[in-house]
Amino acid sequence: MSGKKAGLVAGAAGVLAGVVGLGVLAMPAGAGPAPVLPKVSAEELVQSVLTTKSMPALAGTVTATNNLGLPSVPGLGQASRFLGNGTTNTQVWTDGKGKGRISLPNSASEETIVYDGTTVWDWTSSNKTVHKETGGPDKAHPDKPSSGEVATDPAQAAKQVIALISKDSTVKVDGTATVAGRSAYEVVLAPKPTERTLLREVRIAVDAETKIPLQLSVLANGNAQPVGQIGFSKLEIGTQDPALFTFTPPADAKVVTGDAEKLAQKKPDAAKNLPQPKLVGTGWDTVLVEKLPAGLLGNGDKTAKTKGGQSFDPSKLLGQLGKRVSGPWGAGYQVSTAVGTALILDDGRVAVGAVPQQVLIDALASVK
Amino acid sequence: MTTTSLVEPGVGAAVAAPALAARTRGLRKTYGSTVAVDQVDLDVPDGAVLGMLGPNGSGKTTTIRMLLGLVQPTAGEVELLGHPMPGGAQITLPHVGALVEGPGFHPFLSGRENLRRIASAEPLMATSAIASSVDEALSRVGLSDAADRRYRGYSLGMKQRLGLASVLLLPRRLVVLDEPTNGLDPAGTREIRRVIAELHAAGTTVLVSSHLLAEIEATCTHVAVLHKGSVVAQGELAELLEAGAPALIVSTPDVELSLDSLRDNGIAARSTEDGLFVELIGTSAPKVVKVLVESGAEVHEVRRRRTGLEELFAQLTEGETQ
Amino acid sequence: MTAAVVARPALDRPVRAPLGRLLVSELRWILRRPRTIIAIVLLSLVPVLIGVGTVIAGNANAGPGGNGPGSLFTILIGNGFVLPVLSLTLLLAMLLPLLGAMSAADALAGESNHGTLRGLLIAPVSRARLLGVKAFGVGTVVFIATAAVALVGLVTGVILVGTDGLITLTGNTLSFGDALARIGLSVVWVTFQVWAVAAIALAVSAFTEHPLVVMAATLAGALVFAILTVIPQLDWMQPYLLTTGWTSLTDVLRDPMPWDGLIDSTLKAACYLLIGLSVAYARLSTKDG
């Protein structure tokens, strides 16, 4: 009897340990207790962030989580993974002196971008092609966290920034958090009650030691989880292997030299060809209003909403993304997400903002 | 019997005289609402060849499986070679060879490979002795020639003999054979009997189960009869065979004449279907025969009635299957 | 008679067969089973088929960058060292787990079916040891199959393409030694993942006498996992599923190698292994022999 019981007990204990282990593994990292850090005012913190002129040498994984609630659109290729709800991981390395490396891993392929100080190499494994361009990294990837473009006097700049923000928002340091295993201050920007916005607050985690921003979260009304979040899920600050910032194209790879055209496609600079947009309102409920030539209707939406997709049929996409709306103000498509709304009217008028529909309609009235 | 002399100091005081190789008390096993074995108090004397006799489904195999610690009893206790089971399995089972529920071997391996595999698992087997032990066991059961053929191609008799060989890999204290002659031809059956006799001569206790009385009679010193999950009789074979009043069965067409002359001589007798039934009370068999011959009756056959065991077993098996 | 009595070993303490002998005996048994050999041979033909197929197809299907497993084929062209990893990736999806399940099915259910499990229990081999020996045997079969696939893949790749080194997904070239180390790591990692599946199969195997039930259960399990993976409403489950971590095998083709996914999946597999073996042990220790 006892042998039988012992077997069952041992078995049950093993199963329990295994299940608990799975639970621990499945738990998101960094959910530890908030670290204890010396008190700091929002102003001081912003100032020290601005003082940090450049990123230290680091290796990390940047995780972007998207809960915008955009309907999924098939056929967008690479772009779809940033648009659809879900999580995207990007690996970044920098030596702190301007050289850098970005890696966008996919399940079975990878895009690697290396800036070795003089040349940007953009390697895509799925077609074994390297794009080589001589020039600064910012040209190729403006989204990359770059440095050195801040006003000369940090203290002054900090005051300006805070003052500017404070017109429509409340700024405060709201406790501390652990991000990617590092202690960080949480800076919270919340709209003042008069702002007619869908957003609730924006939280920025600032590393307590190096003062680099570790995480940015956007929270919307009526949703406890961030609708969008980008930040380090893993961060290791320290000298990096110099070999990471060099690139030698593999023997049989196709190398395209100095071809800016392909790289440009990745950027939303189609907007340059469009009429200058007009901003209506200030602060959180600012609405971007634009009048597009009728033929460009679809592209206007693409510019505003999807950041650099490839070519596709705009009206078809609008039908997939949004719903048909109409009113005394006109008729068109409305695309709604957790953080904002866009109205694209048939007559070419477009309004976009982090606001409910009514605010867009009001703004549209100001453009003829 | 010399059973007590087999007890060694190493066995310990747990075993009281007369020494028992196996002992159960109040053994009970139920599967759901089905009672397979109930209140079995079995004694297997050390050095004995105990036949476990019972019709199919009488609980023989279940009892054996509980003895070997393969099955946990619902209630009751089991002692094997002086150690409680199944707790003492690691102590006792190395000394026990068993063939339960038919031989179990892998069809794609040869007889030799199958035996090697079992020999490797035997705790008391020296690694260096595996090859020679396997050869010896194969030759003891007469399978040397077929040793390298696949088990798949063996006849039923060869399979049974390979099973026996697995028991003979090592000298044992106790050998348990569950229905060893199942599916064997008369020659195979004789082979099994010879092996059992050899084991007995070497001092090994043998527990053999069978649903055939003749097999038990031919090989066993002791017998336990199981019926519907309970032991209905057990003891030395000779005692059980002799139990009950002795009697003669006379086969004769001249029933009246015989009956009269016997009664005239004060011998108790009654008529049966094809002859007479004569009780040997206050008389003897030769005297009965003499009276019958002198009466002039035509006597075809006179035999001693096998009382006790045979009677009992006949009663048990009647109406069971036939 | 007295001589026989004297020759008897003492009956006062537990005795066990040497563990090494049991393990060797188990391997002997497994590797003499025809279907094990056939399965391993068939699996190791897969890299040959992929390699020859890819070379014949040439650049024909090297379109502009899909993201499915097909884009691994692109990098394979002119890059023989990718072949072992690609083969393992494809086999890990279904066939290797099935091999593990088959081995686990034979280990307990099959032995039970042949009546040979009882022979081991009577020998006696304790039930904990029995499970250990079985888990070892299953793990070894999986390892042999995985290593065979990698080896055949490597040889095929080298013959078809040459030994210029491994071009990673990241775009740099690894030395021959580095490439071998990466392939070796893949073999060990894949073995452990499949071993975890086999442990679950071993638990099923402990409950039945029919090896086919184990195979069917494993197939059904694989199917359920695949379905759970694609239902968006159940994506909270994904971190618990063993199979979701399997895509990280391609991480060995990146440089520097991201260890997170590989380690996370290994830990997950360890949990599955523990659960599977625990259930198997609980069942085995209460099972009637």
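We call the chains A, B and C, going by the order they appear; numbering starts again at 1 in every chain.
In this text, contacts are C-beta pairs under 8 Å (C-beta built on N, C-alpha and C of every residue); 3 or more make two chains touch, one makes a residue touch a chain.
Just so it is clear, the model here is predicted, and its values are computed rather than measured.
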item	value
Relative to chain C, chain with the most remote C-alpha centre	B
Chain occupying the middle, per Cα centroid	C
Geometric centre distance via CA averages, chain B-chain A, whole Å	84
Chain B and chain C, separation of their C-alpha mean positions in angstrom	48
Gap in Å, rounded to a whole number, between the CA centres of chain C and chain A	39
Per-residue multi-chain contacts in chain C, two or more chains	286
Set of chain B residues in contact with two or more other chains	72
Residues within chain A bordering two or more other chains	3-4
Chain B-touching residues of chain C, taken from the complex the two chains share	1, 4-5, 7-18, 21-22, 24-25, 28-29, 32-34, 114-126, 286, 288-289
Complex contacts: residues of chain A adjacent to chain C	3-4, 6-8, 10-15, 17-19, 21-23, 25-26, 61, 77-78, 91, 103, 105-110, 112, 121, 123-128, 130, 234, 241, 244, 247-253
In the complex with chain C, residue positions of chain B that touch it	2, 6, 8, 10-12, 65, 68-72, 81-83, 89-96, 98, 100-109, 113, 116-118, 120-125, 127, 166, 171, 173, 201-204
Chain C residues touching chain A - in the complex, by the definition given at the top	62-72, 74-75, 77-79, 89, 127, 164, 167, 169-173, 239-240, 247, 250-251, 254, 256, 258, 260, 264, 267-268, 270-275, 277-279, 281-286
